[in-house]
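Listed below are the structures to be examined.
One chain, chain A, links the two complexes that follow: it is found with chain B in the first and with chain C in the second.
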Partner chain A sequence: MTNLRPMAAIAIVTARALLGRRRTILMLLLAGAPILLGLLIRLSGRGARPANLEPTLEGLLVSTILPLIALVFGTAALGSELDDGTAVHILTKPIPRWVIVVPKLAVAGGLTAAMLIVSTVLAGVLLGGTASHEIAITIAFAVAIAIGSFVYVAIFLALGVATSRGLVIGLGYALLWEGLLAGALPGTQLLSVREYVRGIISTLAPPGTLTSVVGAQGFVAALVAVVVITALASYRLAVYEVRASE
Partner chain B sequence: MMVAVSEQPIPQPTVQPTAQPIVLDRVSRWYGNVVAVNDISFGVGAGITGLLGPNGAGKSTLLHMLAGLLRPSAGQVLIDGRTAWRDPTIYRRIGLVPEREAVHAFLTGRQFVELAAHLQRLAQPAVAAAAALDTVDLAPAANRPVGTYSKGMRQRIKIAAALVHDPSILLLDEPFNGMDPRQRLHMMDLLRTMAGEGRTILFSSHILEEVERLADGILVIHAGRLAASGDYREIRRLMTDRPHTFRVRSSDDRRLAGAFMAEPAVFGTELSDDRLTIRVSEFSGFTRSVARVARDAGVRLLEVAPTDDSLESVFAYLVSRR
Partner chain C sequence: MSETAGPARAGSIYDLGYRRYEGVRLGRGAAIRALAADSFRTTYGIGHGGRAKVAPIILGVLAILPAVIVVGVLTIAARLGASEPFESAVPLGYDTYYRSISVLIALFCAAQAPELFARDQRHGVLALYFARALRRSDYALARLAGFGIALLVLLLLPMAILLVGRVLLSTDVAGAFADDLPTLPAVVAQALVIAGVFGGLAMAVSAFTPRRAYATAGIVALFILPGIIAQIVIGLGSGGIGTWLVLLSPGFILDGTGAFLFGKELPGQLFFFDLPAWTFLASAAVVTAVAVGLVVRRFVRIAV
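Let's look at the complex of A and B:
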């Protein structure tokens, strides 16, 4: 209980830092891209096209927009403060390091999830229509993407603590590992957030929507990943050293 | 306070963790092949201690190790007997004012200090923050975003945040940067008051005049080593390889100059612009003999003042001899 007040204070500052900047507008534009696509299709007079729903949501949201928004918010939540020196005012307080990491993860992950849930639902309705089958697919995607938001943000937040090049390394990870390598080699799916998200979708969505190697284990894998990575980030923050200024 | 002028190759004695809240015990810190701090030991007790050194001497590295933000490569840093590295509980006792100006620019001054109060888990964060803002004379600007503050105001808001939990140890890295003269005087008075209440205050500064006016003792760091520590006037006395210079005014300077030339400790005298300057080898010997010499010469002394026991003189000597 004694940690709740510091956590709330850190959460508020983190939310204001993330929301008060131009990056949020850019992220809203990015999250709005699937909605814009759905609107364009609707405006072209072609109506809902359920066949396009799954590949569009997966290709655009799961594979591209989700890791990108999580990358930006995840690295900004703590890495930016460590880089610009403002984190010193938080680090030099008598609080365990996880008390710093957890609210930052909650805020950055929550912000990413909130943007992408809205984007997924609106894009899903515009692309697939409101038939119960398509709505079920859309909701499955929204839930899975929300969970995936926290896993990705945890990874990028930890990267931001571990290195001042978190954004670049994170981008490389998202493009190379999640985008290309994971899935191309047997067994690598077990270490892919994208595959966890696909597993959750395949579990929640109507049968036949997606096939996944991890299936329902995606829930457990995502939870374990968040806990382990948060613990690693907290440890890394506990041994964080300011860079020499002289 | 300990007084010492250390020689570089001699290992420094281990400081026992006694009543001194800050203790460094044979502490070194290196970055790859670069040694930033080299085998330093000292203890700092209650009062104000100035940390001096040229740019790159290792002052910030030292302060960061004291604040638990850098791991010593060797040795240990103790705060109230606890290892500073990886122990966040030390921040209940420490208030740190970092040199970097970075603060959350979107927060108002009040919110910034209240954030510190919340993170310290104070019972009444708003009350504590208001008191800290009053202390640094920033209450009128407390509701403005920190991003609109001048450099001096940012410095003061950092000090308010560092003071909000009433720490017993205050570490300040170049605290007077950006402050105008009135703010400096106010801050010096504040630090003196806090030191008078028994707090331990260690501050770094590159402005010797500030240190001279404020500090009870100094720590001189040069090239990563502790060049000297203690009262700088005492350090000056120990610089026996450097003549002391006195300015003397008397009823007959010329006669007095001649009389002093017969004294074995006097290196030389110089008479110019109605001012007699005397260079001697030993400070205390001269001060003991000056009245006798004047009396024997039948000269009345009007003024005797050392001219080179300023902190600037001591600092220049310590830095130049290495």
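Let's look at the complex of A and C:
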């Protein structure tokens, strides 16, 4: 229980740091893009387009906006403090390292998930309409994207601890590994968060929505990934050497 | 100064030996050239620590790798005596190469363009540049030129490898060179388009933020999102908006100019595109000009 108070304090500080004006506005714009698209289609007076629901949510939210928002929040949650040297104030306190990593992950992941759930549900309703089949698909996407938010944020947070160029490496992972290699070498899909998310969607959504190699194992894989990566980040933070910032 | 250097008096000003610079002043042109050269070097991490070299070298090697592999495969095929059917079967030619490495080029821009503008703003050294013979617009243009040349090197090097490999593989070297010569202007033009559109947009984004991280994320969003939204709008069957979005998304501009320059059909996704193919070239020019204009405007107005 002694760890709860520092965790709460770190969570509050992280939330305040992440909700800086400019970044939040940019992230809201990004998360709002699918909603705008949905509005545009509704305003053009052609009604809902259930056939386009799944490709739109997958192409826009799962494979682009989810990794991008997670990337910004994940690397900023801890990496920016390490970069500008203010992390020293936390690192010199006698608290276990996981107590620093876990609340940061919770806040950054929670923010990402909150933005994306709103975006997914609104875009899903605007595009797909409110028939029960389409609502089921939309909810499956929202749940899977929320889980994926935490996995992605965990990865990018750990990268931010491990290297000052975490952002570029994270982008390389999202674009090259998940984008290019997953198409060419299907085996790499087992180590791809996007595939976990798709696996979860294919499990939750009505049959025939998506085909996925990972399937229901996506839940397990996502959980394992978060735990392992959090442990790695905590360890990396424990052996972190405080240097003068660049 | 010599008049004050008399006998010591109370309150006299001591001559501390400050000297004027008496050498040649190279002036504005030299300053621009030096800054452009520095931008080129910074883009590849030359003259910076090992950490600054990691991203450009890895991405650069990955961009060149396919060309080396193609030449290698062609060499092996020639040894086995199967060069003719093989050469036509290799999927990477002058016309398709950039398409397949476009993600790498985008990543290179996203990683390296912020190195040039973000650091100067964050560490407040712009005032030092502007105190020189440089004008504010010169600073922006020199940085842009350096980055553009660095991108052109990255883009043209794999093509040079491809060309040299193909030419030397043939027994009739002069003939093979003459065969490939007609496509070279198109290759160079396409490289210029990519350097202009990708490089220009990347520099425009990074000019507006002192934080490298946000610039990188912003550049990637700008490269990827318009294309995806365009694809979705096309999927929904809205031709009018779709046409505009296609003309504004970097990925589709490359497809379009590639098809126009190499005389190919537009990719199947763009079946509905009924404007002439040169509009892509015009769009590339407009995007580049707007990006350069934004960068120059930013540094003309920035407070230091």
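The working rule: the second predicted complex is superposed on the first by the 241 of 246 C-alpha atoms of A that agree within 3 Å, B and C clash if a C-alpha of one lies under 4 Å from a C-alpha of the other, contacts with A are read in each partner's own complex, and residues count from 1 in each chain.
As a working rule, contacts are C-beta pairs under 8 Å (C-beta built on N, C-alpha and C of every residue); 3 or more make two chains touch, one makes a residue touch a chain.
Computed from a prediction, not measured in an experiment: that's the story for all the values here.
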Chain B versus chain C as contact partner of A:242, first or second or both or neither: first
Partner chain(s) touched by A:41 [first = chain B, second = chain C, both, neither]: second
Touched partner set for A:92, first chain B, second chain C, both or neither: first
Which of chain B and chain C A:172 touches, first, second, both or neither: second
Chain B versus chain C as contact partner of A:56, first or second or both or neither: second
Intersection of the chain A residues that touch chain B with those that touch chain C: none
Residue ranges of chain B touching chain A (in the complex, touch as defined): 31, 36, 55-61, 64, 67-71, 86, 88-92, 94, 96, 98-104, 106-107, 112, 115-116, 118-121, 158, 161
Complex interface listing, chain C residues touching chain A: 51, 54-55, 103-104, 106-107, 110-111, 212-214, 216-218, 220-221, 224-225, 228-229, 231-233, 235-236, 238, 241
Partner chain C, residues of chain A touching it in the complex: 22-23, 26, 30, 33, 37, 40-41, 44, 49, 52, 55-56, 59-60, 64, 68, 71-72, 75-76, 79-80, 164-165, 167-168, 171-172, 175-176, 179-180
Parts of chain A lying in touch with chain B, wherever the complex brings them together: 2, 5-6, 8-10, 13, 16-17, 20, 84-86, 88-97, 238-242, 244-246
